[in-house]
Each structure stands twice: as C-alpha cells, then as structure tokens.
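Next come the structures, one after another.
Below are two complexes that have chain A in common, paired first with chain B and then with chain C.
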Partner chain A sequence: MSPAQSARSPAVPRRRLGARHWAGLLFVVPSLIFVAVFFLVPLLMTVWMSLHNWPLLGKYSFVGLENYQNLLSDDTFWSSLGFTTKYTLLVTPMIFVVAYALALLVNRAARWVGIFRTIYFLPVVIGLGTSSLLWVWLFNDQVGILQTVLYRLSLVSEPAMGSSGTALAAVLVSVVWKTVGFTMILLLVGMQAIPDELYEAAKIDGASPWQSQRFITVPLLRRTFALALILSVIGSYLAFDQFYIMTGGGPNNSTITVVYWIYRASFTYFKLGYGSALSLILMLILTAISIVQLLVLREERR
Partner chain B sequence: MQTLPAPKRRPGQARTALYYATCSLLALLFLFPIGWSFFTSIKPPAEANAAPPNLWPSGLSLENYLRLAGIGGGIWHYVGNSLTVALITVAGIVFLSTLAGYGFSRFYFPGKNVLFVVILVTLMIPFQSILTPLFLVLKTLSLQNTLLGLALVYITFQLPFSVFMMRNSFDSVPRELEEAALIDGCNAFSLLTRVMLPVVMPGIVTVALFAFFASWNEFLAALIFMTDQDKFTLPIMLLNAQSGYLGTINWGLMQAGITVSILPCAILFLLLQRYYISGLIAGSVKA
Partner chain C sequence: MKKLLFAGLLLLGFSSALAQATITFWVRDSDQGFVEPLVKAYNAKGGTQVKLTVIPAGQFVTKFATAVAGGSAPDVVAIDLIYVPSFAAADQMTDLTDLAKALPYAKTLSPSHVRLAIYEGKQYAVPFSAEGSVLIYNKDLFKKAGLDPNKPPKNFAELEDYAKKITALGGDIKGYYFSGACAGCNAFTFLPLIWASGGDVLSADGKSATVNTPAVKDALALYRRMWQAGLIPAGAKADTGTNFLTAFTTGRIGMAGSGAFSIGTLKRDYPKVDFGIAPLPGKNGGSSSFAGGDSIGIPKGSKNVQAAWEFIKWCLEEDVQVQQFAKNGSIPVRSDLAENEYSKLDPRFVVPAKAMATGKTPYSVKYNELFNDANGPWLAMIQEAVFGRGVDEAVAKAQESFTKILNSK
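Presenting the complex of A and B:
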C-alpha cells in the first residue's frame, strides 16, 4: 500500500463513518439549542423591542421608530458615546505602548524571565469587577495608599475620584494594570515567531538595535498589532465595570459609557424598548469597527 | 573566581544587573495592588481602617477573615453562589463543547459549516448588547434570579470559544487511532469516551479553565439578573459592602473579601498556566 492510500480510511470503517453522518448533528444540537435560546432569540428580540414602548411590568405598545428619534436628541447618549470614544482613544495606545515595552523586556532567554512574564500577566486573570474594587480603594480619599502618596508628593490637592479628569486617569491606570499582560503575551508570541536569522543578518549589516526594531520587528508584527488593536478597541467600547464601580458615572455624569447608559435606561428607568434601541446602535457601531479593521487586516495580508 | 580583580568584570554584567533591576521593579509595581490589599487584610481590623493608612501595623491578625462570616449574612454564602455558578458553567461547557467539537470535527452532515459559523458568530455580537432582551428571556423561563439561569447565560457566551477550541483538539487527533478502534468494534459513543477523550484532555482543561474564570469574574450580567440579595455572586456582594449599603465600610474586611475573590484565579492560573496561555493564543489567532 502506498503512503497516500494508507492515510485514507480502509473500506470498512469508511462505510461505517458514512452511516454516522447524521449522528454528527446529534452531537452539535445541544450547543445549538443554547445559542438559539440565549443568543439568537434575544438578538431578534432586540430589534422587536426597540420598536416598542416596553416597561418592565405591564403591557408594551408599538411606537415605531420613536425610540430612535428620542435617541437622536438624547444628550446623555451622545455624551456617553463621546466619552466612550475618548476613553478608547486614550486607553488603547497606553496599553499598547506599555505592552510593547514589556514584551521587548521579557522576549529573551534570560534566567527568571518566565517568572517576570507570569507576574506581569497575573492581573489579567483577576476579574475586572474585583480589580476595580481594589483600585477604587487604593484611590480612596481617606484610606487609600495611592491617594495618600499623591497628597504627600503634592501631585494632587483634591480627591482623585472627585473630578472627571483625575477620575478618568485613575480608571486608566487600573485598566492598564489589569489588561496590559494580555497584549504583552500577544506581542510576545508574535515576536517569538520572527526568525533569529533576520536579526543576525541585520546585525552583520551594521543595523543598530533601534533599526532592527524599526525595520524587522514592527513590519513583521503588523498582523499582531491589528489583532491587539481590534480586541482593545472593542473591549474599550464595551467598558462598564470599571466606571460603574470606580466613578459611578460621576462626577456629574461625566464618565458614563454607552453600556452604562444602556444599563441605566433598561434597569434603572425600566425603559426596555429604549435600552434595546441603544443596544442595537452599539451593535452597529461595533460591527462597523470590526468590519473596517478586518478589511484593513485583509489588505495587509495581500 | 575570587582571584579575578574587580575591573575585569565582564562588560555585560552591569547591563544584566540593570535588566534584572528593571524587571524586578516592574514586578513590584504589578504585585503592589494585590500585595497591599492582602497586607491590609491581615492587619488588625482597627488598623486596616486607619486614615491615612499605616505601614507598620502593631501586629498581624486573621480577625478580618474570621469576621467575613458577618458580611450581609455571611460571605461564604456568596462564595458558595459564585462557586455554584462557576461549577455549573464549567460542567456545561465541558459537556457541550466536547460533544459539539467532536461532531464538527468528525462528521459530515448537511449544513455543518453554516451551523459552525452560527455558533462562532456569537463572538461578533458582544453579550453586553443583548442583556435587555436576555433579561426577559430568563424571566419568561422562570430562570431570572436563579443561579442556574446565570450559569446558562455564561455557558452560552463561552460556547463559541470552547467549541472552536474543542473542534481543533479533535482535528489534531490522528484518524488512524479512530479507525483502529472502529475495527475493534467501538461504537460512536464509546469511541468518544474511551479513545478520544484522553487524547483531547488538554483542550478540555483549557475550556474548563476559561469557563471558570469567565463565570467567577463576571460582573454586569450578575448585577442585572440577580435582583435578590440572597442570590448575589461574590463581586456583586463585595460591591454592595464597599458602597456602604450594609452599614459602615470596614476596609480590612473588604480586602479580605477581595483576597478571597482573587485567590482561586491566581492559584488556578499558576497551576495551569500552560493551558491558559495556549487557549489565549488559540482564541486570539482565530479572531
């Protein structure tokens, strides 16, 4: 028997595999039921509900596109969208720069380097809720160690969580701490896939370490950059926990994100129809972002 | 080595020292928040509440941990809630994704590719954007405000990653193994449980680990679906304690609670790091 033939199934098991084709569906159906009930149904309901005035209790009534009209004149929605965008534009480069520096630092075969990688990654496995509770305590006006240090060094004269600029800064620091390890690992995996020969050849040609970075690492990591960017941008547009816990949307509603506003519309004011309309808009925004980024990725691949 | 005079040190030595100094300093920065929280949790309660915080407590004490039983009717109740939800989620994910991964990897039924995409598409739409109708779905099924309902939601949103992961695990099992078993007279089910499962174990550990983290750490869905204090998960309970809804905030107690919430994740990660990182890479390469 030639190798090619032996790799194929012998006649008997082949036929038996054939008889089991439909059985495959049975293995898949339980998962599909979950996806249908807890994902597809709510997804379709979002569209349906967004066309209704839908209180938590009592009867709902059809209102057409009224929710969408209200949305256009809803100042809090627009400011939440603006704030979420601002947050995304700030946190993404911050994570990126720190993660890149960390990845360069731990991308070598030195002793103990595995331990350092583990430590920098550790905050990633902590819940965002828990980490936010931890950080809001560190910045607490009375008992927080970081706030105390900031006062002692005269870097701030007011509580960090008291004004929107410093509150946002506190959230940014906490989120970078919590998530930078994830991007670091992505970049590290990308860097390790680059063959050493390229760097050796560059060295022989007299390239400085900086030039090696600029002309080898950065171009070859393009795909990894794009991936890290997509994940970070989408994750940031969905921000909720850190603001709900650390700032409560304050001061003066200045740190309300889109998801936070959906949460309030649906579960504080019980306007479920309006919440659904907001959700649908968020979905469209995120889909648009993913499509644009995927198209850019595809360009790169050519 | 003693005979070497000092100026003869290798030139790289200073750089190496600088390298380790930088790495260590960063490590301290990264560990500081968790370390400070833990340190505060083992201060005597009165000193944990000190404003401004003190660096040198008069002694160490486990008092905060003992008092945890007093938070809102006992913190262990909420740890139990979180653990219950996490275990149902893990069991459900392992069961469903193993079956589906096997089905998608080894069978050729009509519509297979479409159905696979249907499951993966769940990843494209973030769960945050369908929570409002999901609340109604759970209410209709009498699952709102139940630990089971919350677990079912977590299972659904962990499914795409887990099914993808398990399908790849099954794909990498050589067909010869299966064929040999078939010739020996195995049926489809015993083929899966006796022959395939041991081989795809690393994949199962990975999806179980991710399911545990996702469930144990999740905040927003738990906040929305669990309206009864009795049903709160640990993060929601800790938030309530920190917001002062349960009376004066006791910071030592809070840090003990935060430590309890961090500990299972940290331990599981340190023990099963290899599986976690492999899942992370597999999961993000697909995106």
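Presenting the complex of A and C:
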C-alpha cells in the first residue's frame, strides 16, 4: 500500500464500506435464496400443516393444537423415541472405537496404506438404501452367506431379523460398516494435523506409545471428536432407511425409529398434519441435543 | 415430389386432428408386464392415444395424491382395488354408476372388484386386472412323501397331515411356508383360510371388527401348531416378503399360499419345479380366495372423461381380455371368460380364475392401516399368535386395535 493511499483512506471508509456491504450481501443472496426456498418455506409449511387435519387425499381442516395433544398420549411415538435413543447410544461409540482403530492403522507412511484407506472408505460412497439392501441379502435366511455362516457356527438358531436383539445387532453391524470410513477420515485428518514434534518430545521424555495416545492424540483430537459426535448423533436420530429396509420395524414393532413413525403416520395412515407435528417435535429435540453437545464441548476446550 | 411431401404433411395433419386427444394413464409397476402391450395395441388402432406412466407400487398413492393436489391428475388410473373405497371416500374419483350399469357384460364382472368400487351407493371404478390367491404345492415332494400329487389338501387336518409327511422326508425339506413378517402376503394368503372356514375379521359393512371369533382362532391355531411342530422353516418368522415365492422355488417347500402371478413366474424361471395349484381350504372343507388385482377409474379433474371411458370399455372387451390379459399371464376380470384358449393351454390358470368369482376382499377405507401396514395390527396378531404368546392373547389384542382404527376419524 502506498503512503498516498493510506493517507486518503480515512476520508472514504464509510461509503466504501457501505458499497462493500452491499457487495457482500449480493454474494450471500444466492445461498439465502436456497435457504429460504429449501429450508424456511418448507419449515413454515410444516408448521402450518401441523395445525391441520391434513389427509394425503381430500380436504384439510384446521384443528389447532390437536395434533400436538395427540402426540403426548401417543405410545408409539414415545417408544420410538426411546428406541432411537438406544440405537444412537449404541451405534455412536461403536463407530468411534472402530474408526479410531482404523485411523491409527492407516495413519502411517507404509506402502499400500492408501489402498487400505480407500477400502475402508469405500462403503461411504454407496447409498444407505443400497447398503441396507446388500445386508438384507447377506442375512437372508434362504440364500444369505452371513446367515448361513452363523447357522453353521451354531451361533444362532433363528434368522437374524427374527428377534429384536439380533435384528438390532444386524443393523448396527451394517451401519458401522457403512459409515465408519467417514469418521475414520475425520479422525485421520485430525491426527495428521498434530505436529510430529509433540510425539518426538514425548518419546525423549520416555513416554510409552499408550501415553502418547492418552496425553497427546486424544486431547488434541477433541475438536474433531466434537464434530464427529454431533454428525453421528444427528445422523442416528434421523435413522430410517436401514430399519425400513432391513427390519421393516419388526419383529413385533421393536425396531421403529422416530422417523419411521413419522413416515408411517404420513404415508400409511395418510395423516400429513400429524406427521408434520411429529417432525417439528423431532427437530426441536435434535436442536436441544446439539446445543447441549456444543455447550459441553465448548466447556471442555478451555 | 414436392406435391407428394405436401400431401403427406396434409395427411399427417389430418390424422392428428382425427386422433382427438391424448389421455394419460397411470398404473403400478406390478402391472407393467401386460399393460405395456395393452396400451401399444390401443394406440395402434389410431384415434385417441394413451400415454402410459408406470409408478412403483409403494409410491402410487403418494404420487397420485400429489398430482391431484397439483391439479394434474391423470385421465385414467388403475389402482389396487383395495384403495378404491378410500379414494372414493376422499372424493377423488368420477362417478361411473350409469356407465358401468350400461355395460352388456356388467353381470360377469368380478364381484369383489365391483363391491369395492361402490361407495355410498355409487360406483367409482370397474375391474381392470385380477389376481386371486391359491395354494401352490410341489408335486415331486408329494410323490416322495407317498401322497397323491393330484389330491391337494381339502381341509385343515389334511393340510397339517400332508405338511407333516413332507417334513418327514428330512433334510432341509419343510411341509409349509408363509412369510411371517409380511403384512400384505398374509392378507392375501391367510385371510382366505378364515373365509373358507366361514369366518371373517370385519363385519359385512366393514365398519366393525370380528377378529375375536372361532374361525380366526382356528386358522391361527393351525399355523401355530405347524410352526411349533417344525413344519415351517425357521426363516419364515423374519421373512418380510422377499421369500414369499423364492422359498417355494427352491423345491424344498411342500406347500405355500401364493397367487396366480406365481404360475407364470414358476413356468418361466423355474421349469424344474413341478407344481400344482389348488384353492385355499377351510377348516372343514370349502375354499376361498383373496380376490385382488386392480380397478380402473377416472380421477376427478380428468379433462377427457369421454375418451377415458372409451379406453376403459375397450379394456373389458372379450377380445382384449383374452388376447391381451389372458395371453400375457393375467386372469380375465369377466367370469364368462375364465376358461379361454390360453387357460386351456395350462389348466392351472383356471383355479385362480374361478376363485376370483367366489373370492372375497376386505372392504374398508382403513385397509392400509389395518392390513397392509407392516407394523399394524394384522401382522402383529399373526406374529403374536404363531410365534409369540399364543392365539387367545393375539386375537384379543387385535380385536382392540382393529376397533380403535375403525373408530378413528
């Protein structure tokens, strides 16, 4: 910057900044439009619909807060919320442990390591619906390879989807397989951002590999953990495809998630208004959970 | 040359003017096989052109409702007959009462289709395609078990006895199969066992539940006994319908409930399986069938009701029913055409065709919630009764849930 320019700048800033302000706004407008069209408008419509008795076919009528009142005494909703929470509490640590182990394995400069990273990441790029279908056939009672192996090893006497415990376990395995690569990449990036000097210093001080992990890697990965945790919790609370395809909510309605219930209310019972009310409540719950998570993790960062 | 071209263009202009209009026609994907040639044949006649849209069965209702709400409903729809009452109740279909009554063959049309097409005294659809449920059985296994392959079971006792004898062959072979976690499959193949025994799960007007009755309990008890005796493969419990027919095609299943559709599939893809077709029996004899299939109608908002009705009428003509529907492996919806040149080629087609005439179909605007919902009361009852605590608990609970749904708005 030349001295002349810097001398002149105090006279201009307001107008310049104003112009910049508008230019900035212009740049943001496209994404604002997207947010408005694809988030705000649908959200407001959902609120509007949730105040109506809104059948899939036919005329709708205003019912006020009736949908919300019904929701309070809806056993299926509460049990589905309980099941979704259980699923989230199970699947999140499972993904973390496996992803952490895999990240450690591929976080080195050995030959072929790129190939293994790719292999572990591969399931992430196929759709959840597709992968669920794949696992349905693996666990198929007549032709499924995995199911046959389980039978032969006498580990089970029933098809995996036949009882609620094994059905949930089968879904957990499939979801971990499908999503673990993504968390692994997140953790790997975090690990590679940690300067080597820290490990060297620790080594010189006589730290064991376990101590390096415990006192360097884990604390410095805290932010990555926070990101992965929030993504995993939100993703798990919105679980639908894997249960819809693999268990069909069974056996005996023991594996119905909240989104599954919303789907049923809307497209089996054709009650779009009630489905909207359920969706809004789920959104509020998820927002609350995310806020708590962020607060807790922010506290820890200090 | 130029003149010729001009004349050609003129002719083209003429014929497109004659071809009054194009009507749109929606069907579910399960009908694709016979509907595509059907529409081709209609369009080849000249005149009104039909534009066909095939929609995945699971999304049909949603897509249709969206189109209606958006003012772009098709001119003609063929829908699963069980949905007609709820479509009519929602005031989405054109009243066809007088047109349908005027059909010369009105009396021969599948009675179940017609009954479901009538809502509050008016008829909103006519039959389009038929699909009746039957018992399929493996003739080879019958022979091996010392049974007469031409004498399928006529009552529950025989069914159970044959299943025992076939299971006794050992290995992976089992006497009976049903998809224990599939709601629709069991509406199709289990309800007839109840009907054939003289019972029902809904009252005649479809407004109250009659689940807690002897005929329902007897049929459930039959399944429970067969399950507990190991006459049914363990996999049946978790089958959401993926093995509905697949299990039988392995050649290791003695008998199973199925539909007319399986005849074509088995003949084409599994020529090694020697199978027979029989009506689904009742407790002490008798038989029944789930008269399923599609009904065809004109949604409200169609801009071309006249042309739409012409097309529908054409679909029901004798020639079309035989040369299109029967030829392509479907069953005619007119009882006077149950036996035709194609059914003579394979008499197995006659069983479901005849069953259609006496078959039943539950009539309810809540059909989807009651029977088709994979998490609804119908499937819950079967699972509880067959695999769970027992028949009495199951029917008591189902009676309660059915009543609750039927009484809801």
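The criterion applied here is as follows: the second predicted complex is superposed on the first by the 260 of 302 C-alpha atoms of A that agree within 3 Å, B and C clash if a C-alpha of one lies under 4 Å from a C-alpha of the other, contacts with A are read in each partner's own complex, and residues count from 1 in each chain.
Definition applied: a residue touches a chain if its C-beta (ideal position, glycine included) is under 8 Å from a C-beta of that chain, and two chains touch if they have at least 3 such contacts.
Predicted, not measured: the structure shown is a model, and the values here were computed from it.
Shared-chain residue A:240: touches chain B; no touch with chain C. In the superposed pair of complexes, A:225 makes contact with neither chain B nor chain C.
When the shared chain is aligned, chain B and chain C each come close enough to touch A:142. Within the superposed three-chain arrangement, the count of touched residues of chain A is higher for B, of the candidates chain B and chain C. When the two structures are aligned on the shared chain, A:21 is found in touch with chain B, with no touch to chain C. In the superposition on chain A, contact of A:267 is made with both chain B and chain C.
Once chain A of one complex is fitted onto chain A of the other, the partner contacts of A:252 are limited to chain C, with no touch recorded for chain B. Of the two partner chains placed around the shared chain by superposition, neither chain B nor chain C is touched by A:199. In the superposition on chain A, A:162 makes contact with chain C only, while chain B stays out of contact range. Residues 136, 140, 142-143, 267 of chain A contact both chain B in one complex and chain C in the other.
The touching residues of chain A, counted against chain B in their complex, run 9-10, 12-13, 16-17, 20-28, 30-32, 34-35, 37-43, 45-46, 49, 102, 105-106, 110, 112-113, 115-116, 118-120, 122-123, 125-131, 133-138, 140, 142-145, 148, 177, 182, 185-186, 189, 227, 230-231, 234, 238, 240-241, 244-245, 259, 262-263, 266-267, 272, 275-276, 279-280, 282-283, 286-287, 290.
Residues 53, 55-59, 136, 140-143, 157-162, 167, 248-253, 256, 264, 267-270 of chain A touch chain C in their complex. Taken in their complex, chain B has these residues touching chain A: 16, 19-20, 22-24, 26-27, 30-31, 33-34, 36-37, 49-53, 95-97, 99-100, 102-104, 106-109, 112, 115, 118-119, 122, 124-126, 128-137, 152-153, 155-157, 159, 163, 175, 178-179, 182-183, 188, 213, 216-220, 223-224, 235, 238-239, 242, 251, 254-255, 258, 261-262, 265-266, 268-270, 273, 276-277, 280-281, 284-285, 287. Here chain C touches chain A in the complex through residues 61-62, 64-65, 68, 86-87, 89-92, 181, 233-235, 237-240, 242-243, 246-247, 250, 368-369, 372-376, 379-380, 383-384, 387-388, 409, going by the rule given at the top.
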